[in-house]
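The first chain written gets the first letter, and so on, giving A, B, C, D, E and F; residue counts start at 1 in each chain.
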Amino acid sequence: MSIDLISLALFPALLGLAIAALNVRDLLAAVFLLSAYSFLTALLMAHMGAVDVGFTEASVGAGLTGVFFVMAIARTSRRSGD
Amino acid sequence: MTTSLVFAGLVLSPIFGALLIVVLALNNARRAQILALLSLAISLGAAAAGIEACRDGGVLSYSYAGWTAPIGIEARLDGIAAALAMLIAALATGVCLYAGRSLRAELPRDIPAFYAMSLLLVAALQGMTTTADLFNLYVFLEISSLSAYALIAIGGGAASLASFRYLLIGTVGASFYLLGVAFLFALTGSLNAHEIATILQRTPPSAALNAGLALLTVGLGLKMAVFPMHGWLPDAYTYAPSATSALIGGVMTKVSALALLRVLYAVFAPGQAELLPAVTTVLGILGAAGIVFGSVMALAQRDLKRLLAYSSIAHLGYIAVGISLGNATALAGAVFHMLAHGLAKATLFLVAGGVVYRFGRRNLDSLAGLHRTMPLSTAAFVVASLSMIGIPPTAGFFSKWYLMIGCLEAGRTDLFVLVVASTLLSAWYFLRLFEAIFFVEPPKPRTRDELPTAMLLPVGAAAAAILALGLGNQFAIGELIEPTPLLQALGQLVAR
Amino acid sequence: MIESWTPALAVLTPCLAAAVVLRLDRMPNIRESCSLTAALLLFFQVLSLLPTENATIQTPPLAMLPGVALQLRVDFFGAVFATLASALWFVTTLYSIGYMRALNEHAQTRYFASFAAAVGATIGVAFSANLLTFYLFYELLTFATYPLVAHKETEVALVASRKYLTYTLGAGVVLLGGMGVLYAETGTLDFRPGGIAELESVAPTAQYFIFASLIIGFGVKAALLPLHGWLPSAMVAPTPVSALLHAVAVVKSGVFGCVRAIAFVFGADTLTTMGASDLLAYLAAATILFGSTVALSQDNLKRRLAYSTISHLSYIVLGAALLTTTATAGAVLHLVSHAFLKITLFFCAGAIYVTTGKDKISQLAGIGRRMPLTMGAFAIGSLGLAGVPPLNGFISKWYLCLGSIQSGHTPLAVVLVVSGVLNIAYLFPVVYTAFFESSDEFDDYGEARIEMLAPLMLTALACIVFGLWPDAGNGPLSFAELIARSVQ
Amino acid sequence: MDIAAALAGRFEYVMTSALIVVGLHGMLSKQNLVKQLIGLNIMQTAIILLFISMSVQTGGTVPIIEKGTANVVYMSPLPHVLMLTAIVVMVATAGVAFALLIRIHARYGSLEEGELLGRTR
Amino acid sequence: MIPPYDSVTVRTVAKILIPLIQVFALYVVFHGAKSPGGGFQGGAILGASLILARLTAGPGVSVHYLPGTSALRLGAVGVLIYGVVGLLSLFGGAAFLDYSALPLPGAHEDELHAIGIEAVEVGVAVAVACVMLSIFDDLAPTERPYRQGR
Amino acid sequence: MRPPAYLALGLLSGLLLYAVAALPPLRNPDSPIRTGVERYFVENAVEDTATPNIVSAILADYRSFDTFGETTVVFTAGLACYLLLGRREEGESGK
């Protein structure tokens, strides 16, 4: 069968994380959810055979972007109106 | 080797210039400016060599890293690209010369990094102009966008917010473009524009192809600020430092327009995607709407730079109309309008910067008596305005002329009437400026106080270039633009 | 054909003069002498360029579009117009000096510079070898005269100048559209005596479109009936401006363009098949009657003259539209004679205004006693416009009447005669008021200063000379006949 | 045509498309600038995922060639390369966006669209 | 605002951890030709280790290495390394970045390519690591307010 | 969110579904990307570059210009942040 189970499980999780990240009012929480989203993406990439890309996404996308997000939030405000 | 040097001079020299500025001159504006001018001089030379090589239909093809087209990345310079490359290099040189004084007046401190950033922008635009690889185009698109965001945001005040909006919209545009590339790549397995075009010849039309076309058009349309995707433009141009406005307003949108032109007519050879006629039709309608909208909004502005920004939207409408018509005459008109409008708008923004430099304000009232304070700048301003209105022998007239004839050739009488009649619209808002300059007495009498030479020189040179381009349009169009294979494939210039 | 850059030099002379004038802001005397010198120089330049039967001077073409170049050519018609403009420029400059200094006007530098630029553009219009060149100078003329109309910088002047620009730029736009279609259909924009032959085979819709756009484009400056609105408002300009620009340069450029469009773009053959020329002729006739009638009710002297101008410009259009040799000759002649007559009248109006501050006809009772020379010149101008022999107005009107009867349009001849009567009706009361009504209001006034008096005497004299000897000075009459024969 | 079946065979494509739409919806509907940025990030990541999905091959292995093996099916390497670039571009864009956010906050004291609008006018 | 992290445990752990991470990063960079990894990944990890050092030591202290603009300058040097490799081949008579024209005598063409790839990866790693650190420094909160334009 | 935004979003979703259904299916050995340039990379990467990791080979050799651009993107971002927030000029004490 053309659909493997890992994809079948990870994609809905991704969708859930994305929606959650967008709808949490605490921005710090949103950023952690986004990092989790990125990390799951990285997993999925690795699973799809793109180890290099997964590696990069994990270190750059989930890691550094997350850190930058936190920095930016620390210097601005943590609450979001929506 | 010569080919190598042309591309290296165009694209690499500004990048290296930027790097060297950061390494050597990050705290010395003067040294940074000199380095920038040096690397731009190389760029100018390369552009001149490129024009020489591309006369009468010549095309320079170059494979980066020595791997030929489908494997590696190919760069191509045809007459159109060479003309645009020259415009970019020349305008950037002028702006870098100008920025020294102007930035110091508009910003609280010297910023040597400005030069590095402008060089990166220039390199990226040259890269977009010359590349034949769709993904490479994306990379350069992003470099140009990032540097543009930064260059706009240093303007202070609302500039950051304007820049952030531009960032969101611009990134969405770039993402759409990337998505379109994804579809094309999935369908053809290639990223090279010419190879894709060849493969598409034998690919049956499909929904994915149509979607790819639509996404590419929307993505580039967002970057090009075609109405109604122009939302980011007015604020960005208004709040940016004038030097930035001149550079970005002069060339940036044009490069995206050129990319769009290539996608529509070089990648999707006519008739390949079912959606192509619909896309061009919609583009024509949007362009026409943009002309009217931009001009009417420009009429309502009190802020000089915002007025110029809205006029940009109108003139991008002309380019969009030219692209949408798709015959050789109209495309030549569109390309020539990129050059003409680029020069004219840059001149206008440079003079606007001069007004800010002298009076610290930029509303229309501050223009009063400008012809006494800055007679030479005013003369340049008038020349550029006449070009924007479309009065011969300035360049703007000829681009409008080719667009008109292109409309007739395509049998679009409605667009013809619009293009012709819109002259009056743009005349109206420029006349408001003339009236503000010549016939309003300034609150206190002003003595002659011309801009410093470093600022006046680019202004004058740009104005002279407008006239030269108009008088020499037979060279630009007849020997450079028209013989390019892209236009030749679409037929003769003027149907007899 | 002789190729030479000398016609371009003739165009450049006034433009250079404008640039020099701008630099001489602080030295009014040198500035004015510069204007005068340039005017004289230009006049002799134009004379040296006059064509002969077998040699026409033209500049080398400067290719601009495929098949179209920027080019100047001194043909007979253009030479007549250029000579007229350059001669009257000198006279008007002299007059302007008196006028501007007497009123102590502001921004005189801008005034003289714009004036010179406008004359340069007019010479360019006269010498244009094709529509593109024509369009270039036509638009330049618009921009050069804009500061003159707005000269006073009052709200009224600014509104009038906006109106002027809207009309003329609108005209430019329409003209541009017509040029576009003409070029797309025929691939050329040249002026050719007798018309562009390719135009005959063009689809009728396109033919009508081109004709209509060209006539509207030129008709605005020529103040044809529905398009005349700007002219009376533009009378807020200083009187010398009204004199030269609104009796000679601007409006005559429009008329000149109309004649070019009729005789050099379309030609009699195409127009006859189209049947559009009759329409134009009747439109012109309507304008003649309209202008004359409205002029009757104007109390402001300059406005009365403005409406008179509207009516007389249409004489010329009418003559060209009749498509016969005699009528065309009449049109060319009227172009010249009306210029001399109307400029005399405007000079008189200006002289009165400067000396007494009066600009209403009803205020002029008895002024003829104190300013006999001025009002005498005015009387000559009035008689000339009415077509009374032996003044030059009679000759042109004679040709026009003859032409309309020859071409079978007798009603038009009647219109011309009626208009002559109306001319007397609206101009003679001025003379009557000035000479035969009495008041003691002007006891303290004398003639205007010599810089103003001399020019108006000169032009009045010219009216008589050309009336008595229409071929004086290698004369307009033979030129007019040559032109008419070449195009019909 | 049986679109449902066609879509079922392209599960990854459909899901990434959904993620793109979710991200864009976030950008359009949220008032907070950070949230808009999060939406942008989600959209970009989704596009990257779409590219990667393209390269999947049944039985494919990581595109690293081992000596002495033949007839191995590899995942397509080209999309991987492109997406490496895209990820870096993404983080670069985010970095610039943060710098802008900090400036905006320093000037207006807020990152809510509605409040900003009130303060710029 | 992030306070300087004044916990002895954290500092000690970080002190041990950071060199380890950096060694791993170097491995990733130089082993990129044979296994997953390369300049970007290695550079990002290297950058992360530097950022970790900044975080644990607190922003006030951590400017001891790569202070001021030197991180950005070093980043530019990284890009320059890449570019110079390209220019070497350009002036060696081939296209920009065509490694087969690198002026290294006695190496086979494929070896030249491998060397070129490694050199370029080093440039990328330096650039990414330093620029990431530079961005972090810019974004990180400090006492001094940055100067805003008018 | 205003109606035009909903419209745009709806259009985009429709377009994506419509397009994705027509893409070459996943895991298809005959899809164009498999038969295009990719074959060359898989077959020649080791010979050309002596680098077993094809991704590295393409990244740093075949498409090295892209990667140069990409490094420049990173550098541009760094410079942009410095330009916008830079407060670390050397010799700042003098100012």
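Assume a residue touches a chain if its C-beta (ideal position, glycine included) is under 8 Å from a C-beta of that chain, and two chains touch if they have at least 3 such contacts.
Note that the coordinates shown come from a computational prediction; the quantities given were computed from them, not determined experimentally.
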Handout entry: Of all other chains, the one whose Cα centre sits farthest from chain F
Key = C
Handout entry: Chain pair showing more contacts of the two, E-F and B-E
Key = E-F
Practice task
Give the label of the chain whose average Cα location is farthest from that of chain B.
Solution key: C
Handout entry: Whole-Å gap separating chain B and chain F, where each centre is the average of the chain's CA atoms
Key = 24
Practice task
Take the average of all CA coordinates in chain C, do the same for chain F, and state the distance between these two points in whole angstrom.
Solution key: 67
Completion exercise
Separation of the C-alpha centres, chain C versus chain E, in whole Å, is 77
Completion exercise
Multi-chain touching residues of chain A, meaning two or more other chains, are 2, 51-52, 56, 60, 64, 68, 71-72, 75
Handout entry: Multi-partner residues of chain D (each touching 2 or more other chains)
Key = 9, 11-12, 20, 24-25, 29, 53-58, 62-64, 74, 78-80, 82, 84-85, 87-89, 91-93, 95-96, 98-103, 107
Handout entry: Overlap residues in chain E, where contacts from two or more other chains coincide
Key = 34-36, 38, 40, 69, 72, 75-76, 79, 83, 86, 96-97, 99, 128, 132, 135, 138-139, 145-148
Exercise for the section: Could you please specify the touching residues of chain D with respect to chain A in the complex? Expected result: 8-9, 11-12, 15, 18-19, 22-23, 25-26, 29-32, 34-35, 38-39, 41-42, 45, 48-49, 52-53, 55-58, 60-63, 74-75, 79-80, 83-84, 87-88, 90-91, 94-95, 98, 101-102, 105, 110-112, 114
Exercise for the section: Could you please specify the touching residues of chain B with respect to chain C in the complex? Expected result: 375, 386, 390-393, 398, 401, 404-405, 408-409, 416-417, 420-421, 423-424, 427-428, 431, 434-435, 438-439, 441, 471, 473-474, 478, 493-494, 496
Completion exercise
chain D contacts chain B in the complex at 20, 24, 27, 33, 36-37, 40, 43-44, 47, 50-51, 54, 78-79, 82, 85-86, 89, 92-93, 96-97, 99-101, 103-104, 107-108, 116, 120
Completion exercise
So, in the complex, the side of chain F touching chain B is made of residues 15-16, 18-24, 31-38, 40-41, 61-66, 69-70, 72-73, 75-77, 79-80, 82-84, 86, 89-91
Fill in the blank from the handout: Touching chain B in the complex, chain C uses residues 22, 62-67, 70, 132, 135-136, 139-140, 143, 146-147, 150, 153, 158, 161-162, 165-166, 169-170, 172-174, 176-177, 180-181, 183-184, 187
